[in-house]
Amino acid sequence: MGKFITFGEIMLRLAPAGFERFAQAKEFGAVYGGGEANVAVSLANYGKDAYFVTKLPKHEIGQAAVNELRKYGVNSSMIVRGGDRVGIYYCEKGASQRPSKVIYDRAYSAIAEAKREDFNWKEIFNNAEWFHFTGITPALSDECAAITLDAVKAAKEAGVMVSCDLNFRKKLWSSEKAGKVMGEIVKYCDVVIANEEDAEKVFGISAEGTDITGGTINGEGYKEVARKLTDRFNLKYVAITLRESFSASDNGWSAMLYNGKDFYSSKKYRMHIVDRVGGGDSFGAGLIYGLTSGLTNQDALEYAVAASCLKHTVEGDFNLVSKDEVETLMNGDASGRVQR
Amino acid sequence: MGKFITFGEIMLRLAPAGFERFAQAKEFGAVYGGGEANVAVSLANYGKDAYFVTKLPKHEIGQAAVNELRKYGVNSSMIVRGGDRVGIYYCEKGASQRPSKVIYDRAYSAIAEAKREDFNWKEIFNNAEWFHFTGITPALSDECAAITLDAVKAAKEAGVMVSCDLNFRKKLWSSEKAGKVMGEIVKYCDVVIANEEDAEKVFGISAEGTDITGGTINGEGYKEVARKLTDRFNLKYVAITLRESFSASDNGWSAMLYNGKDFYSSKKYRMHIVDRVGGGDSFGAGLIYGLTSGLTNQDALEYAVAASCLKHTVEGDFNLVSKDEVETLMNGDASGRVQR
Amino acid sequence: MGKFITFGEIMLRLAPAGFERFAQAKEFGAVYGGGEANVAVSLANYGKDAYFVTKLPKHEIGQAAVNELRKYGVNSSMIVRGGDRVGIYYCEKGASQRPSKVIYDRAYSAIAEAKREDFNWKEIFNNAEWFHFTGITPALSDECAAITLDAVKAAKEAGVMVSCDLNFRKKLWSSEKAGKVMGEIVKYCDVVIANEEDAEKVFGISAEGTDITGGTINGEGYKEVARKLTDRFNLKYVAITLRESFSASDNGWSAMLYNGKDFYSSKKYRMHIVDRVGGGDSFGAGLIYGLTSGLTNQDALEYAVAASCLKHTVEGDFNLVSKDEVETLMNGDASGRVQR
Amino acid sequence: MGKFITFGEIMLRLAPAGFERFAQAKEFGAVYGGGEANVAVSLANYGKDAYFVTKLPKHEIGQAAVNELRKYGVNSSMIVRGGDRVGIYYCEKGASQRPSKVIYDRAYSAIAEAKREDFNWKEIFNNAEWFHFTGITPALSDECAAITLDAVKAAKEAGVMVSCDLNFRKKLWSSEKAGKVMGEIVKYCDVVIANEEDAEKVFGISAEGTDITGGTINGEGYKEVARKLTDRFNLKYVAITLRESFSASDNGWSAMLYNGKDFYSSKKYRMHIVDRVGGGDSFGAGLIYGLTSGLTNQDALEYAVAASCLKHTVEGDFNLVSKDEVETLMNGDASGRVQR
Amino acid sequence: MGKFITFGEIMLRLAPAGFERFAQAKEFGAVYGGGEANVAVSLANYGKDAYFVTKLPKHEIGQAAVNELRKYGVNSSMIVRGGDRVGIYYCEKGASQRPSKVIYDRAYSAIAEAKREDFNWKEIFNNAEWFHFTGITPALSDECAAITLDAVKAAKEAGVMVSCDLNFRKKLWSSEKAGKVMGEIVKYCDVVIANEEDAEKVFGISAEGTDITGGTINGEGYKEVARKLTDRFNLKYVAITLRESFSASDNGWSAMLYNGKDFYSSKKYRMHIVDRVGGGDSFGAGLIYGLTSGLTNQDALEYAVAASCLKHTVEGDFNLVSKDEVETLMNGDASGRVQR
Amino acid sequence: MGKFITFGEIMLRLAPAGFERFAQAKEFGAVYGGGEANVAVSLANYGKDAYFVTKLPKHEIGQAAVNELRKYGVNSSMIVRGGDRVGIYYCEKGASQRPSKVIYDRAYSAIAEAKREDFNWKEIFNNAEWFHFTGITPALSDECAAITLDAVKAAKEAGVMVSCDLNFRKKLWSSEKAGKVMGEIVKYCDVVIANEEDAEKVFGISAEGTDITGGTINGEGYKEVARKLTDRFNLKYVAITLRESFSASDNGWSAMLYNGKDFYSSKKYRMHIVDRVGGGDSFGAGLIYGLTSGLTNQDALEYAVAASCLKHTVEGDFNLVSKDEVETLMNGDASGRVQR
C-alpha cells in the first residue's frame, strides 16, 4: 500500500457550546480541522497510510494541531514547522431556521505564508499512491497556488493519482481568479469532486433547474455538469454531492459519480444533523477509499455517501467512524438500534 | 429616534443543563430574562434606543442583571436600585412528549415590592417614542398594578405609543382579578398582543373551535377575538400569535395582525426548538420594530414572526439575532445553509 | 402496601458528553443503572416501597451506587456489601443513522461473583408484594443463575408476585444456555415482559413477518408469541414492547398486553429521543405499578407505555418522572406545552 | 442507638465556579446545605441514625433538597412538606486577600414561614438520643423561635441531650433580639458550641485580647467565656472553635472544650482551604459523635477538630468524610500522602 | 466629572481550563482584555466615566469584545468599527515552579492596522479629564505609534492629564525602537508607571542590585530610576510596581510613588495567585482613581496597591472589584474572613 | 539514536473534577496513564524515539488509550491488541490534610491476562537503546512476571540498557512475593530507581532514621540503601527520590544518585501540588534522558529532579513538559514569572 498524501491548511476551530450564539460564549470548544486534514483522518480510520502535509508554527498551538493528527493515526512527519499563526475559524452551530455561521481568521497563517521551497514534492511523493487537495489551498495565497501547482505536477510525474475537491470559498478569492488558477491545476487531476455550487462558481459550469436555497435539486442537470468537467479536464472521475437543506437541523444527502462513461447515483439519506462541517470532505475520503480498495464504482459511491452521512452525526471536522460502521450503513442498516 | 421604554421584572433563570431534570442538576445555567427585558434586548439588537425600567437590589446579583442588559446594549440608567431579592424562575427544558417546566420563585422581589414613588414617569417618558409592558407586571402586586397604571397614563399624556402583551400568568393572579385590573390599564394602550389563550383568560374573549392542547387552531376564530378587543379598547393594532404544539421539540408558529380594518396573516414556520422561552416576547419586539421603522403592516407582521421563529433557536430568554438575520428569513431563506 | 423487591446488577455507566464519540471523550458522565435498579427507582417515584437487592463493594464507588439509589428513594438496606468491582458499561449516544454503542466491562463485578449464601431470600421476601428481575441477572454467572432460582422459588413460597423481563444479552450468554436456564426460572414467574426479539432469542418463540432492523412490526405475530409464552409457562400476564427504530434519533413505541384471555394494545408514540437506555425497564416498572394499583388492564398498559415514552426524554438509566406526569401523558396531553 | 435529630433550614447554595466572581458566573454550582443539615449528614457518615427536621416545598426544588439528604443517608421521613420557597444563598469563593462573600435570599422560605402546629415534637423525639440546632433557626422568624422553644422543651422532657451552636447571623437579627430569644432557649441546652465571636454577639460575653480581623487569638480569654456560659446556663459542655484567618486561602484551626471542670485544648491545624463553609457545623457534628461514642473528652475534642479540619478540604456544605478518615488525621497522619 | 479615556488594543484571551497545558485543552476559556481596556473597566468599577477607544471588526467576535466592555460599564461609543481581526493571546496558567505562558497572535488586528484618520482626538478629548495608554499601543505598528503621538499631543492641548504605563513587550519591538518612539511620546505625559524592568528595557534606566528572576528587589535603586525618569520627561508622578516572584503561585507585591519631591512606599502583600494577568493594569487604574479622587499621595498609592493585590485573586484580565473592597483591604483587613 | 522501549500497563484514570470527593462526582475526567507509559511520553517529549509495549483490547476504549499515546508522539506500533478490559483506576485528588485516594480496578485487564507468546522480545529489542519497566508489571499476574523476565533477559542479550523503578504496590502483591520475583528480575537490570519505601518493602533494605508519614528523611540512610542495592544486584546506577509530604498540597522533592562510586545529591524543591500522580515516573524518564544524552551524573540527576518537580504542576499522569522547560528550571529559574 502506498502513501496517501493530502495537502492544505489545518485550522483551529473555535466554537461556542451547543447552540449558543457567539455573543453568549464564555468558552470555545477547540478542535482542529480543514478540508484536506479531514480527508487524511478519514483515510487513516479506514486503514490507509495517510500523511498530511502543511506548514505549522513551532509553538504549542501549532503542536496541538500536530498532536490531534497523530492521535487519529495521521503521519505528521512531513509537516513543515515554522511561521507564526495557526489559522482560525470561529464556528457557531445553527438550528432549524437559523443557519450555522463561520467567521474566518485564517489570513497570515503559516501555510498561507509558506514558500515554494518549503516543500520537496519529489521526496513527498516517494512511494505515494494518491494525492488529494481542495480548491481552498491554492486560494490561500499566490504562493500557495504556485505550491499546489508544483505538487500536482510532481504527483503526475511520480505516477500518483490526483484528486481535487473544488471547494470554492468566496471569502478567499473571486470566481474569476479561482477559474484561472484552478483551470491550470485541475489539468493535472484525475478525480474532481464538487458540490451543487462549486462547478458553477469556479468554472461557470452549472446545472439548470436547481435552486439551492429553495432546496430543489435537478439530478439531470448534474450529469451535464459532470460531463462538461470530464471533457474539459480529461478526468477519470467526477463526483458531485447533492445536499438538500430543509433546515439547519435536517438535510437530505446523496451523490452521483461519473466515470466518463456511466453515471452512478447513490441512495439518499435524510439526516438529523449533529455537525455538518466536514461533510463534503468525508465524502471525498470515502470515495478515495472506495476507488483504491477494490470496490465497484457503485459501491465506492455508496461507501462515500454512507461515510459522509455518518459524518453529519459526529462533532468536529473529523469523520471519526470506522470502516465497519460505514459498511453497516452502506449495507442497509440505518435503524440506529443500540449496538451492545 | 426616540427612546423605547419597557417596564417590568427581570428574573434570574436557573436551568439544568441540556435535558436534565431538576433532580439531576448539579449546576444551574444562569441567565436573566423577563417579558419586557426580552423586548428591550431585541429592540437594542435592531438598533433602537432601548431602555429597561425596573427595580433591582444593589447587591451583586442585582448588578449581574444590570450587567447582562448593558452587555446587549440596553440602557440601564433608569433602573431603580433597592430592595432585597432578584426574582427567580427555575426552568427545566422538555423534549418530545415531556413538557418544559417552570417553577417561579419571584414573590417579594425588588420590583414586586416597589412603590409608586420609586418611578418618575414624566421624566422617564421624556423624548420617548414607545412604551411596552406585559400583563405580568401589574400582576406582581397591587402596587405594581398601580405603578403600571401610572405609567400608561403618563405615556398617553406624553404622546408615547403604548403596547401591551396580555401574557396571562395563572400563578400570579386569577382571571377575575386580571380582567378587572387589565380592563383599566388597556384603555390607555394602542397595541395589544396576545396568544391563543390570553384574551380568553383575561377578558373572556375566545376563539371557538380551537383546542390548544390538541394542537388545532381556528384562524377565523381569532379574527373575531381581534375584532372584539379592538372594539372594546379602541386599539390601533391587535396581534395574535398562533402556536401549534406538536411536541416539546417541534412547534408550528405563525401570527395575525388586525389594524381595525384589515387582517394580515403571516407565513407559518415549523420549528425544531432549542429554547422556546421568550418566543412571544420576541414577536412583540419584532412587531414594535416593524411598526416604527416604515414597514408595511404585512411586512411588520412577517418581521415579527420571522424574528420570533429565530428566537426558538436561541438559548436563553433574549432573542440574540440581528436585523439582517431576521430579514434574511423573512425574505424567504429558511434553508439553514452554513453562512461562511 | 408490601415491599417491591428487585434483584440484579447496578453498573456505573460512563458516557461521553452529548454526541461525542468515545475517541473524543475527555470526561465521562457517570450515572448508575441496570435493568432491575431502574425498575426500583421508577417504583419509588410512583410511591411504592421499593427495595433493590444486589452485592456492591464497600469502597467509595460501591457506595456511590448505593447513594444514587437512596437519593431517589430506593431502600438500600438489603444490599450486600463486599467484592471488588462495580460493573461498568461505556455508552456512546448515537444520532440519526449512527447507532448508540455500548461496551460492557461487567465481568467479575461483586454481584457476578456473589455466592448463594450472600442472600437470605426468606428474610428478603418478608412482607413483600412483588419480585422483579430480568434475564440479565441469571446470565451474569452460574452462581447468579442459581441465586435467581433460589429467589423465585422463595418468592413463590412467600406468595409474592414474580415478574421477569426476558432481556436477552448475547454478550453474556448463548441462546441455548439462556433457554435452558430461563426455562427453569420462568416456571416460577407470573408476569413476563419481552421486546421484539427476546422471546425468539431465549425461547425460540417468534413473530413472523417482523423485520426489526427494517423497522416493520407485525402486531398479529406478537399475539401468537404471547399466547405461546403463556401456555408454556402458565403465566398470568405477558407484555411485549414494540419499538420501531426509524433512526437513532426517532423511534416509534407501543406495547401489547395479554392476560391469558384478552389482548390489549396501547397507543403508539413517536418519540424524539434524548436517551433510550432503560426504555424497556421503565415499561416494566409502569406495568408493575399499574397491575398493583387498581388500574384496568388497558390502563395499566397505557400507564406503562406512557411512562416509558417519557423515559426516552430523560438522561440516564433511571426514569425520573412522577406519577402525575405519566398520567398527564396517558390521559392524552402529548403537546409538550410549557408547564408554568 | 437512638435517633439523632437536627432541626433547621436547608438552603440551595448557588456558587460561581472556582474563584469566579458573581459578575462572571454563567452557571451556578447547586448544592444544598445549612447548619443543622450539615450536622445531620456528618452524623450519618459516622454511622449515627440521623434525622433532619425542617419544612420544604413539595415542588421539585424542595424535593431535590430531600434527595440530597437521602443520598447521604439522612432520614428525611420527618420533613414537613409545604410552603413555597427553598431558601437560597449565593456564595462566592474568595482567595488570598479577597474574602468569600455570601448573599442570603432566605426570607419567606418554607421553614421561615412554618407554623408551630407543623411539628409534633413529642413524636419526633420518640426514641431520640440527641437534639441539635443552631442559633440560626430561631432567628428565621418569631414563629421559628417559638418552634425552637417548643422543641427544646420537648427534648428535655423526653430526656434527650440538647446541643446548640450559637451561630450568630447579623443579617437575621440584632444582638439584642438574639440575646433575648436565645437566653430563653439555651436554658434547655446541655451543650453549647460557639466560635470566636458568637458568645459576645449573642450574650455579650467576650474574650479580651482577641482581634479577630487581625488574626490573633487569646486562648485564656476563651476559658473565661466558657466558664461564664456554663455558669449562666448550667451547661454540661461548652466548646469554642478558634479560627485564625491568615487569608481566605489559609487558616489556622483549633478548639477548646470545657466540661464545667476541666479545660481541654486541641491540636492546631494549618489548613489550605478548599471550602470553609460548614466548618463550624462539622466541628459540632464531630463533637456530638465523640460525646456519644465512648471517647474521652480530649479525644472527642480532637475528633471534632480533625473532622472539621478535613471539612475545609471538601467542596460544599456537607463534610463528606468517613470515621476512618477522621481517625487517621486525629491519630497524627497529616502528611496527605496518596492512599492507594 | 470628566471622561476618562483609555486607548489601546483589546484582545480575545484563549485559556485552557485550570492548570491544563495547551496540549490538553479541548476548550479555551474566552475572555477579553488588554492593558488599557483593563484600566477602563477598573475605572468604571470605581465610578468614573470610563471610555475605551480602539478599532474592532464589525463581526460577531468584534462585537463580543464591545459587549464585554459594555457589560462592565465602559462606554464603547467611541470605538471605531472595521478591520478583520480581533487580536488573540493564548494564555496557559502556571503553578509553583512552572511559569504561565503567553502566545501572542495579535499581528494584523484591526487596531494594529488602523489609520491615523480613524480617530478624531479633538472630539474624543472633549470634556475629558484623563488619558491613559501603555507602551504596548505604539508598539503595535508604526501607524499606531503615530496615532498615539497624535493622541498625547491632542490630550495636552485639551488640558487632559496623561498617564503612560511603559509596559515593554519584547515580542512587539526592540528596546532600541521602543526607546526612540516612547522617548517622543512620553514627553507629553504627566504620569509614568513602570515595573521592575520597563524603565531599563525602554529607556536604559535601571535599578542596581535587583535580580528579578532571583526575586530580590532593591528599593533604593528604584528611587534612582524614578528620579531619572522624572528629570528626563518632566513628569508629575512616577510609580513603580515591585513584584517578587517566589513562584508562579506565590508573589510579593508592593509599589512606590514619586511626585518629583517625595518618595512614598506602600505596604507589601504576599499573594496566593488566582490570575496575575492584568496585575499591573489594575495598579495603574487604582493610581488614576486615587490621584483624581482627593486621596493623599500615600493613600492613592495604597489604593493602587490594594486594588492590584485583589486583582491577583480575580480570573481574567479585568479587575472586577469594587471601591468598597479595595478600601477594606487598604484599611487593613486582609484576613479573608467570609463576608455574610 | 536507538529505540527506548517501555513495557507495562496503561490504565484509564477516572477522576472527579477539582477537589470533589468520589461521592460528589457526576463526571469523571478521563485520562490514561501508568508507570511505564508515563515514562514513554516523557521520553518522546524530550525527543527520544519512544515505544510503549503492552496489550490492549481492540474496542474503542482500548483504542482511546492508543490514541492518547500517539497524540504525544509515542510509537504504538508494537502494542498487542486483544483481551477484554482496559485497567481502571479511580483517583480522587486530596488537599491539605486530606490525602489523595486511589481505587484500583485493574484485575483481569488485557495486559494482566496476556500470555508470554504475545510478545516477541527479540524483535522488539531490534535497534533498541534502553528498556524500562517498573515493579508493577510483574506484579500484575504470574504470567506478567514471566513475561517481564523474558523481556529483561532478551534485553540483556541484545545489549540494551535496562532500568527498573521498584514501585512497590501492596494491593498487587505481598513484600514476600515481590522480593522473590523482583530478586530474579533485577539481576538483569543496570539501573534501579526507588522511592523512600520501595527498597524496604521489596528487598527489606531500609534507611534508618526516616519517618515517612512524619515527613522527616534521613539522607545518610539512603546512601546505605543505594550501596546495598548496588552490591546485591551489581547495578550501574541507583537513584532514590525523596519526598517530604508536608500535606497533600505541599511537598518537598529531591533525589540522590549513586553510580557505585560517588553519591550525587540534587537541589530540593518545595512544590505547591497540582497533580502528584506520575511524579516518580517523570523522575525516571528524566534520569534515562540524562544518562543517554551526554549529561554529567550531577546534571542527569538535576534534570530528573527538575523534570519531576514540574510534573507536580501538570494535570494527569503524563509529564507534559519540554526539554527547554526542564532545562530552564534545572538552570535555576524557579521564579514562575510569566513567559510572554
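Letters are used for the chains, namely A, B, C, D, E and F, taken in the order the chains are written, and counting of residues starts over at 1 for each.
The rule is simple: contacts are C-beta pairs under 8 Å (C-beta built on N, C-alpha and C of every residue); 3 or more make two chains touch, one makes a residue touch a chain.
Protein names from UniProt, one per chain: A, B, C, D, E, F = 2-dehydro-3-deoxygluconokinase.
Computed from a prediction, not measured in an experiment: that's the story for all the values here.
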Problem set entry | Any chain in contact with chain C as well as chain E | A, B, D, F
Exercise. Quick one: which of B-D, A-F or E-F reuses the A-C interface, over half of the residue-numbered contact pairs in common?
Worked result: E-F
For this session: Could you tell me the distance, in whole angstrom, between the mean C-alpha positions of chain A and chain E?
Result: 45
Exercise. Hey, what residues on chain A touch two or more of the other chains?
Worked result: 18, 21, 23, 26, 67, 72, 101
For this session: Please give the residue numbers of chain C that touch chain B in the complex, ascending.
Result: 18, 72, 269, 271-274, 309-310, 312-316, 320-321, 325, 329, 332-340
Exercise. Once bound in the complex, which stretches of chain B touch chain C?
Worked result: 18-21, 23-24, 94-102, 104, 169-171, 212-215, 245-250, 276-277
Problem set entry | Residues of chain E that touch chain A when the two form their complex | 14, 21-23, 25-31, 59-61, 63-64, 67, 84-86, 88, 90, 92, 101, 103, 105, 107-108
Seminar exercise, completed: Residue set of chain E touching chain B in the complex reads 67-68, 70-73
